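After this come two complexes, each holding chain A, first together with chain B and then together with chain C.
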Partner chain A sequence: MNITKEKKDDINVLKIEGRLDTTNYSDLEDLLVRLTENNEINILLDLSALEYISSSGLRILLKYLKVIKAAEGRFMLCAMTTDIREIFEISGFVNIFEIFEDQATALKS
Partner chain B sequence: MWPLKSLSLKITFSILFAVLLIFTAILLYNYHISRDLLLKNVESNVKNLAYGKALRIEKLLEASAKIPENMSFILESSDYSKEELQELLELIVANNEEIFGSCIAYEPFAFDPDSMFFAPYVFRSAEGVSFKYLNAESLNYFEWDWYRLPRESKQACWTEPYFDEGGGDVLMCTYSVPFFANKQDKEIKGVVTIDISLEWLKDYVESIKVYEKGYAFLISGQGSVITHPVEDLSTNQNIFQVAEERGYDVLARAAEDMVRGGSDFIPYDSPLVSGKTWLYYTPLKATGWSLAIILPEKEFTADLYKLNRDLFLIGIAGFIILFLIVIIISRKITKPLTVLAVAAREIGGGNFEAMLPESKSKDEIGALNASIRSMQRELKTYIRNLRETTAAKEKIESELQIARDIQQSIIPHIFPPFPENDSVELFATLNPARDVGGDLYDFFFVDEKHMCFTVGDVSGKGVPASLFMAITRTLLRARLSVNMKASEIMTAMNNELCLENENAMFVTLFLGILNVETGHISYCNAGHNYPFIIKDNGNVVELKGTHGTPLGAMPDIDYGISEVFLDHRDSIMIFTDGISEAIDVNENQYTEKRIIDQLSKMQDSNPEAITKGILTDLDGFVGEADQFDDITMLVIKWLDTAKG
Partner chain C sequence: MNKVVINIRNDVSELHEISAALEDVSGKWDLSAKSAMHINLALEEVITNIIFYGFNDKEEHRISIEFIKEKDGVKIIITDDGNPFDLPAAEDFMDKEKTSESREIGGLGIHFVKTLMDRMSYKRKDEKNILTLYKETV
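And now, the complex of A and B:
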């Protein structure tokens, strides 16, 4: 997995590439910990290059959704592939996350 | 390299090999240089010797030669009577020991117009000094070299040595000086001669001793051997003839140079001396003769050989001493190494208390000793730490094993579980990726007609997941009561699991309640992947529909419910994504499609066969790749007892 960070306005855009699973979810967690501790609480995850997400990965997304919501920030997802979207649909997570078609739409909202 | 096992032997042999090379080089260099020097020295010595001897011979001959030269002036200046001439000759012979005879030979009719021959000759004989006239009867002297040569060249000259038979019976040489009737016209009047016995010359040349076996010989300007230690050769043999007989080119070339008046020092093979010899020759200018000296190389190089032999012996002795010294020193150096090696081997074998030799030296051995000491200390510490860590790890492992047993024990694992019930066949499997896992399955009868069954997957793996799984399963059993709907229990469990859930742990759960008499299933799916229904005809149907987020993710969710009817011999298979998302070594997923393909081949099979069929195919697919998620499967086959 590879994560690239980019700041657009006051939103941190994280692009996640590859597989997000048990072996590497802590990398994403570490990054999210740093951002939230620095009060960088507007985060957009670009999932266009995410190949697979395990339940551990989903847990991290859920955890920081809660943390950021509590801090009154925004935690958004965008550009999901069909496979990833299916996982979100099956798990019902589509209903609790803010999910956008692409980065532009997300940043505009 | 040599198969030498000992370092000291390696050092010894290396050093000695180098020394041997150096020593050999010195010996060879010394031999060649000293041989060259010696040869130069010998050449210079023999040159001086030959020069001295030649000078001496020439002096003697020149002294004798003065006599006829003076006589020629006397005979040119005035005429003498027969008696006066005889008296003159007798005086010359009597007073000059080296002169064997003397003659005044006139041109035909020059002395006496009536006489063709006139040559008074005085010579030594047994009776003392004798006198005679040489004439046609005794000797036609006009034909002889001693008369003919000076007459033709009008110059004084030495004849070739010849054996004077009838005269003195000795080997002699004649020096002839012409005298003239008219000096301006060079009109020859006659020749005055002296004969020199070469016996004394022979003795003199033979007295030239060069080393033990060296010798000298004298040849004339024509190449005739004048004197030679071998008697046969000195009887008028010619050196060219000798060279030809021997077929010896070196001698032939040397002989040519000799008669030309050359001088040289050359390697030469003498028949008289065994071994290599050298030849030196130098001219006697006045006579055109050449003095040759033979030097045996063996003799003049004897000192050189002795020197080299001594050097060699000294070298050998030094070599042996050096050998012993090097052996002793290298043994001394390597002995502590040997001791260290033994100690190191002992340490390697596990004896960390092995005694190391005391070493106070600050050289490399001392440093090595210190290093091994430090290594021993570090190893001790390391092994102690390792033991502690291993003990701790073993403890954790044994605790995990216990946890695994406990986890396994809280899910039913006796099959068939309901042998008395004819309408349900059931099989399930749970295979954690680690010791303990976050998957769960369960099934139990709520009342006589209704069987509750569930499969869940906790986010993450390992101990945290297993604890969450245990909580989930306990909550389910504790909260479920008769007549409770699947959605109600899900909503209740979700709210409980959301309490104090800071880590956002959640569990996807499929919960179904089967009416075993009708095949009716009411179910609620909290974010779990869709189960499959395997129809009796082999069709595989995905049981779609999600009724909310996984349990623990979000509180206050109102879960919905769905229902489905199983037909006779239909099976339902609920599983976790550990199967569909299992990957092979190339990270290809097993996929749900492959599950469907497998299931459609097994519509006739019982749940155990279906489960094992999927597991076997999965094993084959995954191959060497590690299992990274828990694998759980629950298969229930409903049999309509009314039809059965």
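And now, the complex of A and C:
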């Protein structure tokens, strides 16, 4: 997995490439800890290059959705592929997260 | 060749062996990327569960994973010498009465396995767990 971070207005856009699973979810968690501790609580995950996400990865997303909501920030997802979206549907997460078509739509919302 | 067997240690760093094996069989058996991902997800859940909860000692154990090509799908047999499985019910996880914020996440793994696989069976034999998963691919 590779994560690139870019700030657009007051939103931290994290692009996640590759696989997010049991072996590496803590890399994403470390980054989310740092951001939220610095009160960077508007986060958009660009999932266009995410190839695989297991329940360990989903758990981290849910955990930080709660943290960020409690801090009155926004945690958004965008640009997921059809196969990844299916995993979000199976897990019931499509109804929990704000999910957008692409970065531009999310940033305008 | 209609069978590929891998043998991994009880350590999560071995999970990449599963994705490597799946990449291998996907090419050989013409599996779709989606089917391969579903099998990978189910296996990651099963194997991490065995690694985290299967053993009471700190010894090294081996977990065998067999991929067998069948006419209309792939059978996967996972064998380990850990504690017997206690397969929890996944039904509670999708309980609509629960709100998103209070939903328990613990059952997500087993929910994945049951949803992504078409069949699943379990037996305990000679002090070993033998879990068989089946994914239809046509």
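The working rule: the second predicted complex is superposed on the first by the 109 of 109 C-alpha atoms of A that agree within 3 Å, B and C clash if a C-alpha of one lies under 4 Å from a C-alpha of the other, contacts with A are read in each partner's own complex, and residues count from 1 in each chain.
Everything that follows uses one rule, which is that contacts are C-beta pairs under 8 Å (C-beta built on N, C-alpha and C of every residue); 3 or more make two chains touch, one makes a residue touch a chain.
A quick note: this is a predicted structure, and the numbers were derived from the prediction, not measured.
Once chain A of one complex is fitted onto chain A of the other, the partner contacts of A:85 are absent, as it touches neither chain B nor chain C.
In the superposition on chain A, no contact is made by A:74 with either chain B or chain C.
By the touch criterion stated above, A:54 is placed in contact with chain B and with chain C alike. When the two structures are aligned on the shared chain, A:95 is found in touch with chain B and with chain C. Look at A:23: by the touch rule set out above, it reaches both chain B and chain C. Contact with both chain B and chain C is seen for A:66 once the two complexes are overlaid on the shared chain. Note: residues 19, 21-23, 52, 54-56, 58-59, 62, 66, 90-92, 95-96 of chain A belong to the chain B contact set and to the chain C contact set alike, using the contact criterion stated above. Residues 19, 21-23, 51-52, 54-56, 58-59, 62, 66, 83, 86-87, 90-92, 95-96 of chain A are the ones that touch chain C when the two sit in their complex. Residues 12-13, 15-16, 19, 33-34, 37, 40-41, 44-45, 48, 93-94, 100-101, 103, 105, 108-109, 111-112, 115-116 of chain C touch chain A in their complex.
Residues of chain B that touch chain A in their complex: 438, 457-461, 502-506, 508, 526-530, 546-550, 553-554, 577, 581, 587, 589, 628-629.
Considering their complex, residues 19, 21-23, 52, 54-56, 58-60, 62-63, 66, 89-93, 95-96 of chain A touch chain B.
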